[in-house]
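Going in written order, the chains are labelled A, B and C, and every chain counts its residues from 1.
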């Protein structure tokens, strides 16, 4: 008993909150997870440490929130314990910007001769712009693209996909590359940010963003046929594993060389450089195996979604100047060229992006970028609801055999109900 | 004879059923990180990857050591403060006569019914108005009293013979003296039981730390572990299971150390 | 004089606990009631008084009833099933066998384990194809079932897990009850030639009534408040079939930030819990009294 008391007291002294006034803690929130000790994570760590070296007495503390990022960061603002710097995801930018919890960065930009907004792609910057105010400096962005494994295409003697391909072309290709029990033509993930482009490319959409409403839009005939198409690719052709099969493997099938095509963003390249080794000891996939192509489309002009992240500062941060230094540092040429070598994304800086375009794989992304549009969440507050309900609807269709129309009608009704409550 | 064999058969079967997931977990934790899920034939790792434990403890983005210290500090603080507060209340309920005692006790018992889900919003707002969110106060203060502990300790205190305090009172001892010099020393087993229940309850509490804290440095082991699950999008099971083993192991050791108090405590509190 | 002193001392001793109870239980309940009368989005300043509309809205919306229904069926199945299993195990370990305490300890272990770790473990146990259960079923030729993603399975997967995790405490409680039954009762019955089953029905069960009531009420209350496994394993899916009320209120408050509405829903839950506890108490009290006076 006495021992326990002593132990508790010792701990109380030992790990109270940092009161050391010499150290300034700069809290940076992003959606990184526990990590798996990869090259990319070590690069990021070096970048942080270099900043700490240049600013003695500063301690960067990363708040990694891989699950429920939006609601958890909002909750930290409500609690008054928000991070100084947060990575703002275009998919949920509106809820932070429009509720006035972020600082306007224009004053910093105007007073800082060492920073030029012109270095960045203008349409990317505009995602966080409201009138004359700017709430985030873009860090990186990526269009969602179709990746394909050239080695598997060559082995099956199937020609590589070409721009302008349609859903039917895709379906035939996926079927041709499927070897039952061994290899899938396509690998599919159920999260909505990864499949909304299929709807767009069938001339559908999910909400009317000017007045958040899903009924009549999410459950449109175009969307029903687009999702029926995906359903058939997975359940009828069996060209892609069911969601359960994906879970039972516990790896990314594409990275493992077991699926010939997949849809993802630029960040997937990190996993592909880190691919698990096959039985022959060689990596299951290498950069040379990779091809990138626009999404197949039924409309004649392929579109896709552009995900972007930028750095923002909390309005009530006590370390705004330091936070700005950090943002400037992280979005600088020096850091971005190191950071983007990892394959995480396309750099939002023109200079770095152009430099990297000499890489043939990188060059394949460039023609797709002009057709990429920001997600609804950049302008519609509460868009997370749509993404959550949308994912659940697709799960109903794929896992529980609910007819597409029924699932979408239910989802649209649910979304409208949730928007009405706010 | 047959009956004994049958009983052992049932006991072993049940033990197998209850322990199998744990054994499975340890096996998976020793498989190489980032590899596909092993099938049954390959479940026993050929080349055990003990470095998974080093990776989870030291090499990842999460400060597992900090989570552990947080859990330790919060749990010990709650246990000690709760023992103090609830034993005092239990003393009054067991051995003192005062007006309103019965209804008050009933209110305490009734309050066991609606913890968590009902009070989460107002308690959150209350902690916010104290500026306690994301501090140790938010993790400790809501737990420093418990109707369950009061109930448990009262049961025990009322079984201690009254002539002891009669004698002390004749010698002029105050109630505080009787409480601290007679009742408390005689109640060590009951206090240990209450401490054991509180320890496990607080250590494995998930809901409170989940909403009352938000910075990584304030997370407890339980919430920290939940970050692992969401980090790999349904892959990298070896590292997930490693993290789970790391969280479960200290609990298991603590349980083996404290297990006799559980049985005793349930006997005390439950049936009377 | 003496009485007055004891009076004062009594309140002094309970005061820390009473203050705590007031601040963290009683005032919050009142505050929840107050909040439930407003429309309030947590991020916004404005709180608009809307009377009982949040209650009307809760009772009119299908997700709320769905969540109540899910919690109801979870409790109605998991509580009796868990209790029957626990009683059977208690009878099994209430034998004088060598090493029986080792088994009692082993059987308790799942109950002390962290809910998050257990949930992660059970996601793995329930995985299609490669999970533990499907591997075992597969060796008997049963087709793989994606337990956590099939609407007809997910809830029962959670129930099954809860029997596993809840066994320990319930088993010990029943064991304590069994040990407190006077042995002469059985001896007398045996002399009368009563069968084992007869002894169980007419001695064991009635004598266990108080224990059963206690286990029933505490298990029901905790079953109605289940949260961690749902948060970790299913997020209320598939098809909202595991969206239990604890998780539903959590999402309403901390994901959608509809604080007023969430308060109304939590208050409705409080009423339900109180009513069920009271009902169980009433229903069980009568047979208990009959037995102890009879």
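We adopt the following convention: a contact is a pair of C-beta atoms (placed from the backbone, for glycine too) under 8 Å apart; a residue touches a chain by one contact, two chains touch by 3 or more.
This structure is a prediction, so every number in the text was calculated from the model and none was measured.
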- Sort the chain contact graph into one of these: line, ring, star, complete or other. complete
- Identify the chain pair with more contacting C-beta pairs: B-C or A-B. B-C
- Query: Computing the C-alpha centre of each chain, which chain sits at the greatest distance from chain C?
  - Reply: A
- Task: Starting from the mean Cα coordinates of chain A and chain C, work out the distance between those two points in Å.
- Result: 39
- CA centroids of chain B and chain C: separation to the nearest Å works out as 17
- Distance between the CA centroids of chain A and chain B (whole Å) is 38
- Task: Find every residue in chain A that makes contact with two or more other chains and list them.
- Result: 75, 78, 247-250
- Residue numbers of chain B (touch at least two other chains): 37, 211, 226, 228-229, 237, 243
- Task: For chain C, jot down the residues that touch at least 2 other chains.
- Result: 127, 130, 254
- Query: Where on chain B does chain A make contact in their complex?
  - Reply: 33-37, 55-56, 59-62, 66, 69-70, 72-73, 76-77, 79-80, 128, 131, 133-136, 191, 211, 214-217, 226-232, 234-237, 239, 243
- Message: Quick check: in the complex, which residue numbers of chain C touch chain B?
- Response: 3, 6-7, 9-14, 16-18, 20-21, 23-29, 31-32, 35, 89, 92-93, 95, 97, 100, 103-110, 112-117, 119-125, 127, 130, 132, 135, 139, 164, 167, 169, 172-173, 175-177, 180, 210-211, 214-215, 221, 225, 227-228, 231-232, 245-246, 249-250, 253-254, 259, 262-263, 266-267, 269-270, 273-274, 277
- Residues of chain A touching chain C in the complex: 68, 71, 74-75, 77-78, 95, 99, 101, 242-245, 247-250, 384-385, 392, 395-396, 399-400, 402, 414, 417-418, 421-422
- Message: So in the complex, the part of chain B that touches chain C is made up of which residues?
- Response: 4, 7-8, 10-11, 14-15, 17-22, 24-25, 28, 37-40, 84-86, 88-89, 91-93, 96-99, 101, 104, 107-108, 111-123, 125-126, 141-142, 144-145, 147, 150, 175, 179, 200, 203-204, 206-207, 211, 221-223, 225-226, 228-229, 237, 240-241, 243-244, 247-248, 251-252, 255-256, 259, 262-263, 266-267, 270-271
- Within the complex, chain A is touched by chain C residues 41-44, 57, 61, 63, 127-131, 134, 144, 146, 149-151, 237-240, 254-258, 261
